[in-house]
Amino acid sequence: MSDEAVVTMTGVAKRFGGVVALAGVDFSVRAGEVHALLGENGAGKSTLINVLSGVITDYEGTVAVDGSPVRFAGPAAAQAAGIATIHQELDLVPGLSVAENLVLGREPRTRLRTVDRRAMLRTAREQLGRLGADLDPRRLLGSLRVGEQQLVEIAKALLLDARVLIMDEPTAALADAEVRRLFATIAGLRREGVGVVYISHRMEEIEQIADRATVLRNGSVAGTVRPGETDRGRIISLMVGRSAESLFDVAAAPDGPADREPLLEVDALSVRPKTVRPGRSEPTGVTLTVGAGEIVGLAGLMGAGRTELLETLFGAGSPGRRSGTVRLGGQPYAPRNPRAALRSGVGFVPEDRRRSALVLAHPTGRSIALAALGSLSTLGVVRRGRERAAVRGKMAELAIKAASAAAPVGSLSGGNQQKVIFARQLLVRPRLLLLDEPTRGVDIGAKAEIYRLLHRLAADGMGILLASSELPELLGVCDRVVVLRRGAVAADLTAADSTAEDILAAAMGVAVAGKDSR
Amino acid sequence: MTDTRTPPGEEVAPAAGTVGLRGTAARWVHRPRSRRELLDRLFAVQSLFALVVVFVVAIAVSPRRGGEILFLDGGNLGNIVRAVSEIGIIAVGMTFVILLGGIDLSVGAILGLSAVGTATLMVDSGYGILPAVVVVLAIGLLFGALQGYATARLGIQSFIVTLAGLQVARGLARIWSGGLGIPIAYGDGPKEAPPAFEFLNGSINGVVPVPAVLFIAIGVAAIVVLRTTAFARHVYAIGGNEKAAKLSGVPVTRVKVAVFAIAGLLAAVAGIIHAGQLNQGSPNDGAGYELDAIAAVVIGGTSLAGGSGSMGGTLAGALLLGILNNILALNNIDANVQLLIKGLVIVAAAALQKLRNTVA
Amino acid sequence: MTDTRTPPGEEVAPAAGTVGLRGTAARWVHRPRSRRELLDRLFAVQSLFALVVVFVVAIAVSPRRGGEILFLDGGNLGNIVRAVSEIGIIAVGMTFVILLGGIDLSVGAILGLSAVGTATLMVDSGYGILPAVVVVLAIGLLFGALQGYATARLGIQSFIVTLAGLQVARGLARIWSGGLGIPIAYGDGPKEAPPAFEFLNGSINGVVPVPAVLFIAIGVAAIVVLRTTAFARHVYAIGGNEKAAKLSGVPVTRVKVAVFAIAGLLAAVAGIIHAGQLNQGSPNDGAGYELDAIAAVVIGGTSLAGGSGSMGGTLAGALLLGILNNILALNNIDANVQLLIKGLVIVAAAALQKLRNTVA
Amino acid sequence: ATSACSVEKQSDGAGSGSAASSENCGSGKDFLIGMSQANNAEPYRQVMNNDIETAAKAVPGFTVEVADAAQDNSKQVADVENFLTQKINLLIISPNEAKPLTAVVKKAYDQGIPVIVLDRKVEGDAYTAFIGGDNVAIGRAAGEFYAKTLLPDGGKVIEIAGLPGATPAAERAQGFREGIKSNPKIEIIASQPADWLRDKGQTVADALLKAHPDVNAIYAHNDPMAEGAYLAAKSAGLETKIKFTGIDALPVPSGGIKAVQEGRLAATFQYATGGREAVDLAKKILVDCSKDVPRSTTLDTMQVTAENAAEAYTKLGGV
């Protein structure tokens, strides 16, 4: 690692309308270092790297590469200067193959100026191999799981042979094994002298790989620290601007009565889809129960079928024949569509909020009220007063930060967007809440708020089924954890006396002695 | 903890400092709250603004007769609204369809079919006004609903469904009428329509033409529907993100069918007015009206991508086109030059629209 | 480490166990590799399949005269391809536009403008064939490029830009021609076009009409371009995810301008052929051709949403429409009933298309 | 002899008759006649089709198939080619435009198929017979009617023209101007196209009447546009002050004769479809094996006013 900064940003400022996203930020990346960017949702991390990667061109301040000031006209210019970026939102072309996506914009040519497919495939295999990604480069990108797409995105950035590699939450959709492989790759890059900018909300990761960490708060630098040598609490208090203790007074799951009234009873649920979609693990003989006031976790490796199970329970799964029985509050429950599920008192927070849950341009208030319009209107006419009161209530209850209820959802930070989806589901007063990766991309403070919220909801008697890839989350928040493997239940564990290893073992199909493993 | 990202002087939902925010209700007031929102509001009436500009220009370039500005003549203004009333009514239905993220190319043909139906039923089949109108409206509704069903259920893009629907409706109209216009004569005899039907040709107080009144009434009703109903929210939601709408429990298929049914119904209304205005039901009428209606919607600021736009804009857009047509004709502009001018005005309006989106 | 997801018995690119695959060049064979891909391949030729079905049906229902199947008559098949050649050439350009996620409503009007241009330049201005053709092609290219620029830079939806472009091109054609068709007489005198231009009316070996040959040649060239060039990848990428394309350094504006320029250019080619075939440049010709071309593209399996589709499908789609028109005419189906049938066939083709997407 | 049925023979030089082979004629045989129509969507042409079909029904052995080119020159070429593939015995064609259809008509003619061209000529002489009206003459007749009868003391006239680019529109405009020359006090103060359409006629007239409320008469290139103008005047309260004339005089309920009968139009001028005449000619060629058919028949126009409207309606075959 040299002290010579490859990229230096000084006094970078950017506002979106009235919102100040960056207020004079200094930031630099040296060759061979991993420089982490930390901060709450909306602190300005993505905005900063968007400036650096040429996506945002109208900013104040200067960006210098090797000491000489530059102003990129667009992403291509930044790439030409050796700055490669893995953006937060997956930006790939579903209709092209993996290989075509990898070389998009830089296709190898034959002498006839046509695309050299051999070279393209060779490069693709090489790159994916570096990440240990076992993917056929000719597959259509759209047929890949989200995690696999994330790997392609990473491989694509690596392909640029950049001097600076920016990663904006690259691990949000990755499971443990992939994360480890990614870290190995990052270590290799660093040895080659590549400067890495790394954004993540997972503190463990930062501590593991970052040399330096710059903490942003409300668009300004709150401090720069050495993560390995700095107390985690201090970093967090830099991020949130107050002491960290207040954040983590989340009591462990409040112990409810041992024999809760069963709310959701799933018995041998299987789905035989009408058309088999590759990469989907449909529920096969799933049996589990969620009691009223109970939080049950769903664990599993990437593609274990958690999402599919939740979708099926919400009436949004693959069309097809289903067998087995599901009872909700003692009544048979087989929703034909999400509408029916909502009517029966089941809410669902999907895993991909931008694609499945939000219209970014629509006002926050309307987004919150959408699912509950039925109860907010009389004879089809929305009662504004009632709606306003309901929205206001939920925004306050969940502490949603927005300029106003009329502000477009897209202008909120990721964590607040997630809370908007929560609010929408809570407005319909569900008995059972299905959550799919509800804290993905959510900052540490907001996460804590979400956990508190879940506990409160459970205490009020709601049943919660929570799918997550973060084991600490499952163990910390849930009463029980059901582990899925290839669509079937591999284990049903009590959170209090299980460890991350237990879950992993079950998820990977290794029997664990003494546990309720199937 | 204060949120420094919020511009000063604004009410904000108090940020959560500690657990348990219940009770600290933030007020959600309905006033413009920042420069940005103010701009938004200003631009929201952008199509109205364009309308005013065109109106003023029209006054300026209007031919005069003895000091009187012909364009401003009461009768002329009435004529303008009467002339756009059919396109306008169609455009109201089209607005719903476009907000939904679809498009309806069949409305012009449905208009022709409905005009033929009205004339045939009253003249040849001896129906009274009410039965004839009801049957024709039902046909339009059904035709639209069928198209909506095909889009929603078979998942075929509405462009294609309605392109096919256009041909089918036109074919049906020609077959029904035998290829020729069915003239409507009024009287009590056989082969005569009830004289009351002629009211579509009249005007209220001799000033405001009846079709204009109907157009305005339908437009205002649509504004109210779009502003107040849950149905409208569903339309916006589907147009914005269909998957999200579905997962939020919006009955997507039903809403889609309803929207296309409304478009078909309003095209039928326009067809009945058309027959009444022209005293004839001609199977070839209404050709190309769909494009005029789409132009009105887009000039009115509704995005073809779906999910954003307003009904007031559509009304303004339709009137703008009507004024444009009128002033070009009043000044006896060459028909070909008219084509060029209209093309450029459409692009200019869309560009203005775009500008708004970039600023907001 | 083996890939358990791959069905047995298939060649798999050796999975990367360790870093550094360099050298282990995986062979890229052109065989289907899994049931899924097999299905894909099968459905990829879906429009070809539909074409074959329609062809067989046409033979079955073809009128016969003295045992001879009229449909299969050499001249008739030539006629079919000749008749679709203009729509087909336009549809090739339209395929690029639709793959890009846009639409081009102006091509029919550009065809009219180009036909007028060809006739006027050769007959009135005394241009030779080459200069006339070059100027007309340049006009088409420029017109398209301008529209592309407006879409790409002003960010106006192509539907609107080209709807306006349609009117402008039509207006220009009428003004240029003085409103009347310009007949093309051949000879060396003044006001006569070079006789060589008549070759567009001829046929090769007296069997294959020249326009048909041009259509096929352009179609094949387009297939090659779409399969092999980086430009084509960029078109697919922009249509599939414009933001991703932009972030990958794809020159989005340039590609968009190029695509609309190609569409304009090909419309001009069609216009020249049109003038040659009809010995006249008429300003009103080509009206509605854009819708036929869009239908051909969609029947050919290209999604109006952009990002997926094929050129071969478009060619098959155009031929399918041609055969349909031909067999309906050969059987003297009533023109109005033809409208109904064509509408239903378009929907059926789109539904088949949809089926494919659901399965794949 | 003001009837449209009166045939004016003009044996012009090329009168050597048709190249049609005579082996294929004679009574008691079946004949397939292809009728290639430019555009069914125009009422005038729809009536032409109807006239042909009605007349053909009366001839034993005749089958007529109508193809609609929907105003597309290319489609009409294809329609004729398809007829040739079907090996029709005779072709009747009402071309969308002259030049584009010339080649394919010649092709048919050269194959020995008798060709009767209706309404609009093709170029050259590769056809058997032409039957049509004379739009310039009709326009002239209308102009003379204005000069002598309608506005003998002169006055202001608005012209509502057909589709820009359509030959009949140009000819009806030209003829009209020739016709009113005799009365210099008649002035055309405005001219706007309404594309042959009734609704467009109404909208255009709305504005024109605003600009020129003192107009005395409106000359429309066809009856639907005249009716549209009438409606516009009616809503402006001017319908009694202004005279309206149209052209076409179709003997159908929605046609101009009825409008004259009912007092909306002052006059209309018949533009004969020639449908019945064409079938007569076809009968002569195919059934009677006649080699000597008139090369060119120009159909007279008939002036239809309130006096003769009822009579004209029945005479022209209206029901």
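Chains: A, B, C and D, in written order; residue numbering restarts at 1 for each.
The rule is simple: a contact is a pair of C-beta atoms (placed from the backbone, for glycine too) under 8 Å apart; a residue touches a chain by one contact, two chains touch by 3 or more.
The structure presented is a predicted model; accordingly, all values stated were derived computationally and were not measured.
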item: Longest centre-to-centre distance from subunit B, chain (CA-based); value: A
item: Centre-to-centre distance between subunit D and subunit B (centres being mean Cα positions), rounded to whole Å; value: 38
item: Distance from the mean Cα position of subunit B to that of subunit A, given in whole angstrom; value: 41
item: Separation of subunit A from subunit D, taking each centre as the mean of its C-alpha atoms, in whole Å; value: 72
item: Where subunit C touches two or more other chains, by residue; value: 174, 179, 334-335, 358
item: Subunit A residues counted as touching two or more neighbouring chains; value: none
item: Overlap residues in subunit D, where contacts from two or more other chains coincide; value: 40, 164
item: Chain pairs that touch, as defined at the top of this document; value: A-B, A-C, B-C, B-D, C-D
item: Touching residues on subunit C, where the partner in the complex is subunit B; value: 150, 154-157, 159-161, 163-168, 170-172, 174-175, 179, 291, 294-295, 298, 303-305, 334-340, 342-344, 346-347, 350-351, 353-354, 358
item: Parts of subunit A lying in touch with subunit C, wherever the complex brings them together; value: 55, 74-76, 79, 85, 87, 91-96, 100, 104-107, 109, 112-115, 117-118, 121-122, 125-126, 128-130, 132-134, 136-138, 156, 275, 278
item: Complex contacts: residues of subunit C adjacent to subunit A; value: 1, 3, 5-6, 12-13, 15-16, 18-22, 24-26, 28, 33, 36, 228-230, 233-234, 236-237, 239-241, 243-251, 307-308, 358-359
item: Residues of subunit B touching subunit D in the complex; value: 63, 65, 70-71, 73, 75-76, 79, 82-83, 174, 179-183, 185, 201, 203, 209, 274, 277-280, 282-285, 287, 325-326, 329-330, 332, 335-336
item: Subunit D to subunit C touching residues, read off their complex; value: 40, 65-68, 70-75, 77-79, 81-82, 84-87, 97-100, 102-103, 123, 163-165, 167, 170
